[in-house]
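Input: one structure, supplied below.
All chains are identified by letter, namely A, B, C, D, E and F, in their written order; residue positions are counted from 1 within each chain.
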Amino acid sequence: MSPLSKLFGLGGVALAATILPLPAMAATDPETAFILNSLSFLLHGFIVMLMAAGFCMLEVGLVRSKNATAQCAKNIGLYSISGLLYWLIGYNLMYADVGGYIGSLSIWSPSDPSITDAGYTGDGTDYAASSDWFFQMVFVAAAASIVSGAVAERVKLTTFFVVIAVLVGIIYPIQGSWTWGGGWLSEMGFSDFAGSTIVHSVGGWAALTGAIIIGARKGKYSDDGSIRPMPGSNLPLATLGTFILWFGWFGFNGGSQLAMGTAADVAAIANIYVNTNIAAAAGVVVAIVATLVMYGKIDLTMALNGALGGLVSITAEPLAPTPGIAAMIGGIGGFLVVLSVPLLDKLKVDDVVGAIPVHLVCGIWGTLAVVISAGGGMGQLMVQATGIVAIGAFVVVTSGVAWYAIGTAMGLRPDEEAEYDGLDVAECGLEGYPEFTRSS
Amino acid sequence: MNYIIAIIQPSQLEAVQEKLTAAGVSGMTVTEVRGYGRQRGKTEIYRGTEYSINFLPKIKLELALDDKASAEAVDIITEVCKSGRIGDGKIFTFPLTEALRIRTGETGSEAL
Amino acid sequence: MSPLSKLFGLGGVALAATILPLPAMAATDPETAFILNSLSFLLHGFIVMLMAAGFCMLEVGLVRSKNATAQCAKNIGLYSISGLLYWLIGYNLMYADVGGYIGSLSIWSPSDPSITDAGYTGDGTDYAASSDWFFQMVFVAAAASIVSGAVAERVKLTTFFVVIAVLVGIIYPIQGSWTWGGGWLSEMGFSDFAGSTIVHSVGGWAALTGAIIIGARKGKYSDDGSIRPMPGSNLPLATLGTFILWFGWFGFNGGSQLAMGTAADVAAIANIYVNTNIAAAAGVVVAIVATLVMYGKIDLTMALNGALGGLVSITAEPLAPTPGIAAMIGGIGGFLVVLSVPLLDKLKVDDVVGAIPVHLVCGIWGTLAVVISAGGGMGQLMVQATGIVAIGAFVVVTSGVAWYAIGTAMGLRPDEEAEYDGLDVAECGLEGYPEFTRSS
Amino acid sequence: MSPLSKLFGLGGVALAATILPLPAMAATDPETAFILNSLSFLLHGFIVMLMAAGFCMLEVGLVRSKNATAQCAKNIGLYSISGLLYWLIGYNLMYADVGGYIGSLSIWSPSDPSITDAGYTGDGTDYAASSDWFFQMVFVAAAASIVSGAVAERVKLTTFFVVIAVLVGIIYPIQGSWTWGGGWLSEMGFSDFAGSTIVHSVGGWAALTGAIIIGARKGKYSDDGSIRPMPGSNLPLATLGTFILWFGWFGFNGGSQLAMGTAADVAAIANIYVNTNIAAAAGVVVAIVATLVMYGKIDLTMALNGALGGLVSITAEPLAPTPGIAAMIGGIGGFLVVLSVPLLDKLKVDDVVGAIPVHLVCGIWGTLAVVISAGGGMGQLMVQATGIVAIGAFVVVTSGVAWYAIGTAMGLRPDEEAEYDGLDVAECGLEGYPEFTRSS
Amino acid sequence: MNYIIAIIQPSQLEAVQEKLTAAGVSGMTVTEVRGYGRQRGKTEIYRGTEYSINFLPKIKLELALDDKASAEAVDIITEVCKSGRIGDGKIFTFPLTEALRIRTGETGSEAL
Amino acid sequence: MNYIIAIIQPSQLEAVQEKLTAAGVSGMTVTEVRGYGRQRGKTEIYRGTEYSINFLPKIKLELALDDKASAEAVDIITEVCKSGRIGDGKIFTFPLTEALRIRTGETGSEAL
């Protein structure tokens, strides 16, 4: 089944548009539609690609400076590994001949049968194979980035890279095939437009599992129950990262329309942009107001997480809602973040950048909120919950096995002294800011 | 000769330096330090968790001076830096065995 | 009157192109034109959106490190507030049924009547409603960003946010309706292609008014007339911000062609890119040479401001000029910046990032320079001056009232000690660079 | 000869597609093709433009903090100078009436003859003149950026700017005319799709020549043969710069398809994206593994250079290879970087950011590797070598003369004390991070 | 009155501060310094070139104390900071002529 | 035992450290400080406004040494750091009551 099956499971609007008969004279010709469909993947894909920089800056801004180099290494490494593994294994496992639960084990290579020596012969509903692969690849990299933030400052780089390879090569594609590959969840009607669950919660579950198995940073939680905050070393970079992620999200959600060859498609993309922006803005405003009310000050890191919480929340259905509904969904996302960040600390789950509140909590919320914006009632709500639970259970188990097995084989954490001195020196041999940082 | 170490509030550095210079003090050395004392650090909240900052930013001023000049300097620093609020700082006076100006090789009071 | 009326008041080239009869065979079909028009708003819109990151980095790089977190909070907050207020009030106040001086008070919602169940039925001169809203929204955010830089390091965040809400929800849209909404200035023939006056001077006037009402940073101007520079803490980030703004400006000016559905439109956009780039480059080169001649050294902050000065200057008419004229307009903009930065200091107006020289001074210059590049002689010059004065007076008065009233109600400035310690600790409770900064 | 001649010398795929007869009904109409061709230049051009920020961040992150301001000034200055000189001299020298070895000396100005009062009259194979100029201009800026990194921390800014003016106004365009302008190398069949040699090696040769003539940073190489590393001051910014460059490279290589008006073109662009990404990813992974094996730690700066090495390597032919071949070409590029960085140090060539390994070494490798991916055997290999040697010799000689003559006239280096204190104070009068940096 | 300068490992600062405070020490001043000693710096590799870092990050603790309290403080610091590994640090004791609390003008032991 | 505090130009640190080490000095502590003295700071221009920087970056070197070694160290520092230009710096010598090596508990000269 082709990646087009990602279309099924969407709210009716976009789908309807593409199958309606169009007046012959005015309509876009098939080749132009092909070009525009492909162009949508390409340009939305490249701005999603920049999210790799966004995640990296967000994370490097929120770690202590002695782990800055290692955090950068993790991010450029994971993006690269994702790009290779998704080609070698992931894509076809997710999209090629999905039988219900899994695709086929083979290397992906591009093929565009509708382009022949005699020119383009398709009907204008397809797109360049590579444009789709590119777009799907930057998605898997986003899922992987989520993990790196949560387990920052305490995991061995090599171990991390191997776990990421398993995540992007095997775990992500298999669960992805269930919905976007046309598998059992898609047949059940599970709806997750751009991946609140399939991308964000998946990253969030793997992050949670990793954070628990690896344990907290040394010194973070004392035996007497007190928590020691470890403030991020470079909040301007964290802010930059958040803006870049927000920017990339127009590609993430907009490109997930999967077509731009009709007026209805481009109008859908435009509506998606608007809802995406409004949800994020509401997330920020709610987080600012909430921290102001709760703590008397505006916690910038919460505002940043609030933006991302809003974005993740709207990702499961950025097309159907009115702007007002989008604001509500995103605003609740921002509020959930503000609530769940300290909650996680109380549970002694050490999530350095807030990846779990943002991607897992809001990912779940957003997936359930599809019922609010796109309808479907109790029945659809059950389907949504089924998808959330099935994918969650699968990722917790498989990523748990991966963290545990690979960690046992290669070592999970650097020794205590190395952690105290920082991973930069221990793992990379160079400090991120050799001339700035104070010794403690 | 005396050696004076004064721990003061960062905001007072500029005023102290001006007053000391006006009084004929020709040199001083400044270090950024963190101080712990009666003045307790603030309580801050980071991502919903309270924590207290024990050490506060302070400025350490070091001056090598003649006995007479040193008494005067202590007075000036006290005057300028005294706000009456906890955390104004401390002045410590030490005996100095020898001073030397690297450029000229002068020693003793000449070197200050 | 629809947003299309933004078209009126442009130089004739683009307009002419869209109404000429095109040979039937070769021409783009209406639906494709609709897609391409919308796409222009979307992709130019998303790169303008990144300007929010650009403004943030520019400003955070030019403040002292103890105000870095607060500056980031201001920027992500203002972008979010802009996105919500422009939906709730701003857009319709600016574009819906503008009677001459103001539109209507109602919430915007998307509507695309030309897309029907039977497919696209328009004539190819329209675009997706949301794509236009998105593009207009990122403009208003840019205007708001201008203010935050000028009044940095000394204004209470909550007060700032409320003033910004008034600016983007009421002040900006009302004056915007006069020209782009098809109101009285547009009927008079006032020409401001992409907003040298309507966006940049408006931000600049609000910034100037705010800077005067709030007063200078403590210690900046001594009673004896001496000025104490307070160097920016992170010039690499300021440089990054400038590059990002430059990048976004291709969207700002290019997208203001408002269409991409004909060959003439895309050629116009291409010419706009070229002129935009040349004007900015000339601004930089002039600023570098000027500081070298005047001060013996290359003042990087002036070079950065020079780039932006060149960009603002060309924004009122980026299409009509030849590259040579564009270079002249931009170069003069750069020179005006170098002259007006110290002048403002002499007038004891404390503008932390140079927002007033860049956006107000060059905004005025650029709006007048329309006469040089697009012609119109003395008559047009008077029209341009009328627009500048009318909008300036309106914004000074209304934003002055806003600053004064809201400041009185909520408090304008943190107390002296909080300002000395930095807004980061006082307003946000966390430092931007907790491990780097020296205590003085 | 028009810039379209850049097309000759490509692998056959893209070319074939554009000249095949297309079925009348389904094909994109000429005006739409014109728009899409132009749009490809514009949007790929603007993301290449952002590479200016990428180079700046990479370089400022790898210099010591006392030279951060000067490095930023160099980068915004060189981008501006490139934009002006390429308009005043460069473009026409490269593309206007190239007789074999050089174009004509005249100022470029836009002209679109196929757009007439009666609408668009072309055949859909052309594009807006300004869109092409814009795309070519950002390329020359990239070449100039390469130089600034290699000679960082020790060259007088004014001298540097004059040399850059010569490089972008004269040296680059002349050699560029040989291939992309349709000159002798293009007739010989030299193939360099997006400029491994024509852009990257050219920058690399000029960098190498400059680095040798200027000499190493004071203290870098001791008389006893020992080398003193001077670690970069801000590795997170260097990482950000690398991600931005990677992002821009989709424009660099994708836009070099030079057309997007047919299904075959857009499919080619999509394949280019995929190969570009895979080559870069392979460069990173190889660099990480290599430093881990060779030194026991993951050298982040090598991983960053590895990404760029992979990108430069694939640039000469990003379309023809399969993903597997792309991975191999990029991976070897990454390995060459890891090997040649310390080698250069042994030769006492002080290249601050690794510009020579990345752009020169990998540029040569990539140009030779065209034979692997696009075929042509020994004959083509000789042609490729001829191009490499001819262009190399030309650039070494001309840039050598420029460095030497201008350096003699204006002074090459600041005096020793100024270099010790840092160029920021000596040349710009302001520090990049006045509140962070330690004094040694 | 004595003035104690202790050079310790950064990782011990927090523990030392807690113990000293518990023992009644009411103030101290901390500076980040770099130390050279028996403990040799590490050898690192940057871009394929080996180099050695001579100076290591250390914390300098300064305390002005009564004679009795100062002996006790030396003991506490020794106890907390002693790992037995090279680089644990040093404690230096100086005679202090005078101390003054800026806020109140108190001098001598009162000022500490 | 003496305690030497030397304020020197940052550019001389490396040379001084090498020479001192060669002469058998086994440890020292370094702090980055800012100095005010005869050497006046520069005048800079920021965005068109002149201003003067009063404090210049300096390095503070601290050494605890035997009486004999300390005389030698003063000589070495003077020799290496003397350029004859204003700002070369100063050397101050103090009496040291006691020194202690935390790792071993050794005191006096043994501890240095």
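Just so we're on the same page, contacts are C-beta pairs under 8 Å (C-beta built on N, C-alpha and C of every residue); 3 or more make two chains touch, one makes a residue touch a chain.
In this text the structure is predicted, and so the values were computed from the model without any measurement.
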item	value
Neighbouring chains shared between subunit B and subunit F, ordered by label	C, E
Where subunit B and subunit C overlap in contact partners, by chain label	A, F
Winner on C-beta contact pairs when A-E is weighed against C-D	C-D
Distance between chain centroids, defined by C-alpha means - subunit C, subunit E (Å)	54
Multi-chain contact sites of subunit E, meaning residues that touch two or more partners	31-32, 45-46, 58, 94-95
Residues of subunit C touching at least two other chains	29, 32, 43, 231, 234, 240, 295, 297, 299, 301, 429-430, 433, 436, 438
Pairwise touch network: line, ring, star, complete, or other	other
Those chain pairs that satisfy the touch definition	A-B, A-C, A-D, A-E, B-C, B-E, B-F, C-D, C-F, D-E, D-F, E-F
List of subunit A residues in touch with subunit C within their complex	17, 20-23, 25-29, 32, 36, 43, 47, 64-65, 231-236, 239-240, 242-244, 246-247, 250-251, 254, 260-267, 269-271, 273-274, 277-278, 280-285, 288, 292, 295, 297-301, 303-304, 307, 322-324, 327, 433, 436-438
Subunit E contact footprint on subunit D (complex, rising order)	227-229, 231, 294-295, 297, 299, 301-302, 338, 341-342, 345, 354
Touching residues on subunit E, where the partner in the complex is subunit B	3, 17, 21, 26-31, 62, 64, 94-103, 105, 111
Contact footprint of subunit A on subunit E as seen in their complex	10-11, 13, 32, 42, 44-46, 57-59
Subunit E to subunit F touching residues, read off their complex	2, 5-8, 31-38, 54-55, 58, 60, 74, 77-78, 81-95
